[in-house]
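Two complexes, one shared chain (chain A), two partners (chain B, chain C).
Here is the complex of A and B:
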């Protein structure tokens, strides 16, 4: 059963456990490959993760003159192949989310590969495994559909379950505001 | 007793997930070294080097399902850390005390000989009680139990206490007084997401116990309510349905105000109150005064919010009240605990699934470590030294005469007072770092410096070790096995993943070897393994309130932990307390307590107009002795800061990231300003994980709760001063 990374940004508590876990997958050279932002640091404690969304038609790969960015059969957009990456950094500019990171010493781009050693066998990536607040989850399409339905407010004022942000992505996102549509128990 | 239908069921979150196995590696199941969530984890061990090299989620642990906070993910990096102490250290030049300097490596024999010589000299000259033991609860039940026995039978001193006085003592006092038993939670944590309303008082849950957050958020997803009482808009308060932004130190008024409204608005469960509690009428009378307006005057919380809080908690079919150090680290911490517990007792929302009361325990074994006799007044199984029958029972287990049992000692902070008076002349310190964690640091450090002789047992050279004459290298949690008792009261198993690094030894072994050299071997030498220690603990706790007799390591493995009390081998343990509505006071009733409000030890005044409160950040644990050595955590939060509201900052003409001098009547320190609207205008906050000149405890107050003897870390009066020249850090 295919599972996807699913993000519920409302849940983030800013612990950055996802970043710590990213260094621990065993195949990431102990460098973290994603981001957690303070949304409005002088005002409140809201934070949100910015993970690679694994675009179906990824700008990073399209922009790569050396075809160093491969797409796995699961849809995961992989980190640059060491032997092909020419260090041009086109990908870091092309990505609409600013995901690819660049190692100036190795002259090499690196990015999230959804812990491909794990996710190809249905094991959740490290970030989604450890996330204490369920901001990052590893769900089937049915589970995601139920979530989208649950949080689809359809009141014309607040939209959280947008189909995609910028083009179709393998990772699905619910923006902050999911609780706006919840019916209270009492 | 009513049967508990709780099965260690794999709740809706549980998913069957296999771990990734890396080649040439094996996974060792265990739990985190840090807080009392005791998150399940697998340690990755290289089968060629037999060293711990990483971590994998433990998806099948029912409480945390593989989830870990950033401290948990990187916890294994303590084990083979470059700062580990690998050999005993001796310092011959006493003038270097209070610094890192002058230590030389020594053999265990030399270190032991020196300790025995000094201890014997001091006890011969000044009496048995000139020695003291200061312990901690970030270690296994086996170690906590043996430390109590080591002090009383090995060293024969009455002076033993532990860092739970800075952590759990007020919760223990309040729960004992209200319910007659101190098991931190009346429910298992797998109930939390199923309740309809959670009331979190003085708990920065998202930073201090992150892995319960998915359960807290799930309450809201189902349409339930989250209410948070905290002076700061912490990450959990930010999303709460209701944030009661009270002044630090005013919880007792807030709780009384809510209880008053619960009674006035008909939410009291009269049947429950009549049959299962005492004290309702007196409490009803006392809280009458706490109208929303009067409560608002004291707490600074808007009256509408107080009314709404009572309405939500009162209406909820099931509700849980949880509290933590925010309400407990006050001179009325015990009263605060009882006052919030009153909410559950008045409405009868206790003694069933999905409803109850819990303190969110701080240290990994904060629960177990306070049950088995390293508290100044306690013996194993939550027995009391003041009770002759209890002394008689434990003396028999230990093989001593009841007359030989030392009397009650004094609390952790009061030990420093006895050091000042020279009643205590020597300290055996383990599993704690009071040179960072105790309040009023200038005073505490002075007392440690003036000791005749001090031993510190640790795996890193902590700030407290800088005061020692002898430092003994102990093991990290992953190099020994044993049990801890988590936030729920569930006894779980810590497993060994690596043999001790260098010459380090587990604490229990060190204590046995010292006892043997002091000629007390006959009470200790039969304990060859930590399992032997556990089996003695089982017997010593038998028949006590915290009865572990029926708990075996095998049973823990088989049923994913055992909740105490567990009286015999056929007893599966007690996940939910009070299902039969029998509380642990002699008449079976709980106590609703009438608790008059009183102000904090130090209220703000003209000279010190701000309230200083302290707490944690998600990246560090307690005194930071462990987490400050881990790169990821240090990168995320390298130094302390002072949180200031923008309006307050404007008043002092200070800016974001500017360094300012913060001072109280006891001390001062320099901090970088963090401007945020997520704090009250009359309050400033500084995290407490740093030592030396950065320690906020240079400023905090040593005023103690009269029952729990817990210092008032959470509020004192302070003032900010703009620096004349920018400090270079």
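Here is the complex of A and C:
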């Protein structure tokens, strides 16, 4: 059963568990690969996570001269292969979301790989396993569809795609604001 | 196909017209070069070691695979740009230093861990040493003659390089170069295997075919090679001809596999020197300013190259509010995305991004 990472952005409470969990994933060498941002830092406490969205047509891999960024059969866009990455940083500049991180000392790019050793076997990625507020969830397409039915939508749209993102992605992101009026269980 | 015909329309004859493809041209030139060098090295083919002809055939098959892989790789738009500009920048003053750092002492691997650095030095230099001994012997670029009893003459490219005592130190290193390199590779491969079996970070992502197979191949080569010495020294050459064939087989299989697996990074790695030169050179020329925060985040040249490459792939990140995502520095790009999600212009708030370093 194919599951996807699904982001319910407005649930985020800014605890940064996802960042901490990311450091603990095998192969991540104790460094995190995602981001948590304050939406309006001087005014309120709303935060939102920003993860690699695993584009169907990833700009990072397209711009890589060394073919170091591979795409897994699950659709996950993997981190740079350590022996192939030549440290040109094209990927960081190509990514429309600014996700890939670069280590100048090691001459190596690293980015979210959806915890591929877990997610290839259907185990949720670290961030989704620990998120206490259900901001990051690991769901099947049917479950994502079932979620859609709970909401009253005025425009027929509920997950972001074009024009909110730059292309088709394997990660689904909800549109903030549409969850109003829904009683949450946590 | 249409782009090909338009390129071919260029008038004027060039040597390229003589070849059906880039691949054919590269193969022809390298096989010719090998033949000519061997012709010179073996004093007009009078000193060919036919015992090693299997390696000769293996090398030519390897060259075929290498060009097939390398040309396909070099045709990718980003690779093509980098190779073209990298070749132009090879004359930079910093090139030798960068090359030694990246290709000789692997400084960046040291920063990934001392253990990994030691293992890579052992494997890498072991293999280089072995190749520097093996291939000159295979193609007859180097051989030994004994004119006076007890003295070897080392002949390099057909020239008498030096005469050494058969039981002297130089001669000892010559006889044992491959034993030394085999010991280095075995030590390095054992370290690598130990890491892959024990280290949880490595275990998470490794695959048998991609990560273990090349190690086992190197181990296979080194052990069969060392066994040849053991058989000669301790067993009076027992089963030596058979083992020699097994060793030859192991080398040829590895050579054929080399351009297509993990070991392909050996011939491709020099491009990292190109990449460093490219970043330094164009970074000195002009840096691009972030449209929102004004930070210099990348050279103008590289930014344009990436935009072009993405354009070839029909990707353009023009926003409705009039700018292109390539004009934003990375933190601003992330904040801009948050603003697309939330509707509030996070990237316009002049606050540094919050703590992103939560430790587990």
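The rule is short, and it goes like this: the second predicted complex is superposed on the first by the 166 of 186 C-alpha atoms of A that agree within 3 Å, B and C clash if a C-alpha of one lies under 4 Å from a C-alpha of the other, contacts with A are read in each partner's own complex, and residues count from 1 in each chain.
The criterion applied here is as follows: a contact is a pair of C-beta atoms (placed from the backbone, for glycine too) under 8 Å apart; a residue touches a chain by one contact, two chains touch by 3 or more.
Predicted model only: the values in this text are computed from it and were never measured.
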item	value
First, second, both or neither for A:94, with chain B first and chain C second	second
Partner chain in contact with A:124 - chain B first, chain C second, else both or neither	first
Contacts of A:13 with chain B and chain C, given as first, second, both or neither	first
A:48 touches, of chain B and chain C: first, second, both or neither?	second
Comparison of chain B and chain C by chain A residues contacted	C
Touching partner for A:143 - first (chain B), second (chain C), both, neither	neither
Contacts of A:132 with chain B and chain C, given as first, second, both or neither	first
Partner chain(s) touched by A:26 [first = chain B, second = chain C, both, neither]	both
Shared contact residues on chain A - chain B and chain C	16-17, 19-21, 23-24, 26, 41-42, 46-47, 117
Chain A contact footprint on chain C (complex, rising order)	73, 76, 78-79, 81-83, 102, 108-109, 111-112, 200-205, 262, 265, 268-269, 271-272, 274-276, 278-279, 298, 302-303, 305-306, 309-310, 313, 315, 317, 320, 325-326, 328, 330-335, 337-338, 340-344, 346, 349, 351, 353-360
Residues of chain A touching chain B in the complex	10-11, 13-17, 19-21, 23-24, 26, 41-47, 117-118, 121, 123-124, 126, 129-134, 150, 178-179, 182-186
Contact set on chain A toward chain C in their complex	9, 16-17, 19-30, 32, 35-42, 46-48, 50, 57, 59, 62-67, 82-84, 86-90, 92-99, 103, 105-108, 113, 116-117, 160, 163-167, 173, 175-177
Chain A-touching residues of chain B, taken from the complex the two chains share	17-20, 22, 44, 54-55, 57, 59, 66-70, 72-74, 196, 206-207, 210-214, 217-218, 220-225, 233-236, 238-239, 315-317, 618-619, 632, 636, 646, 656, 675-678
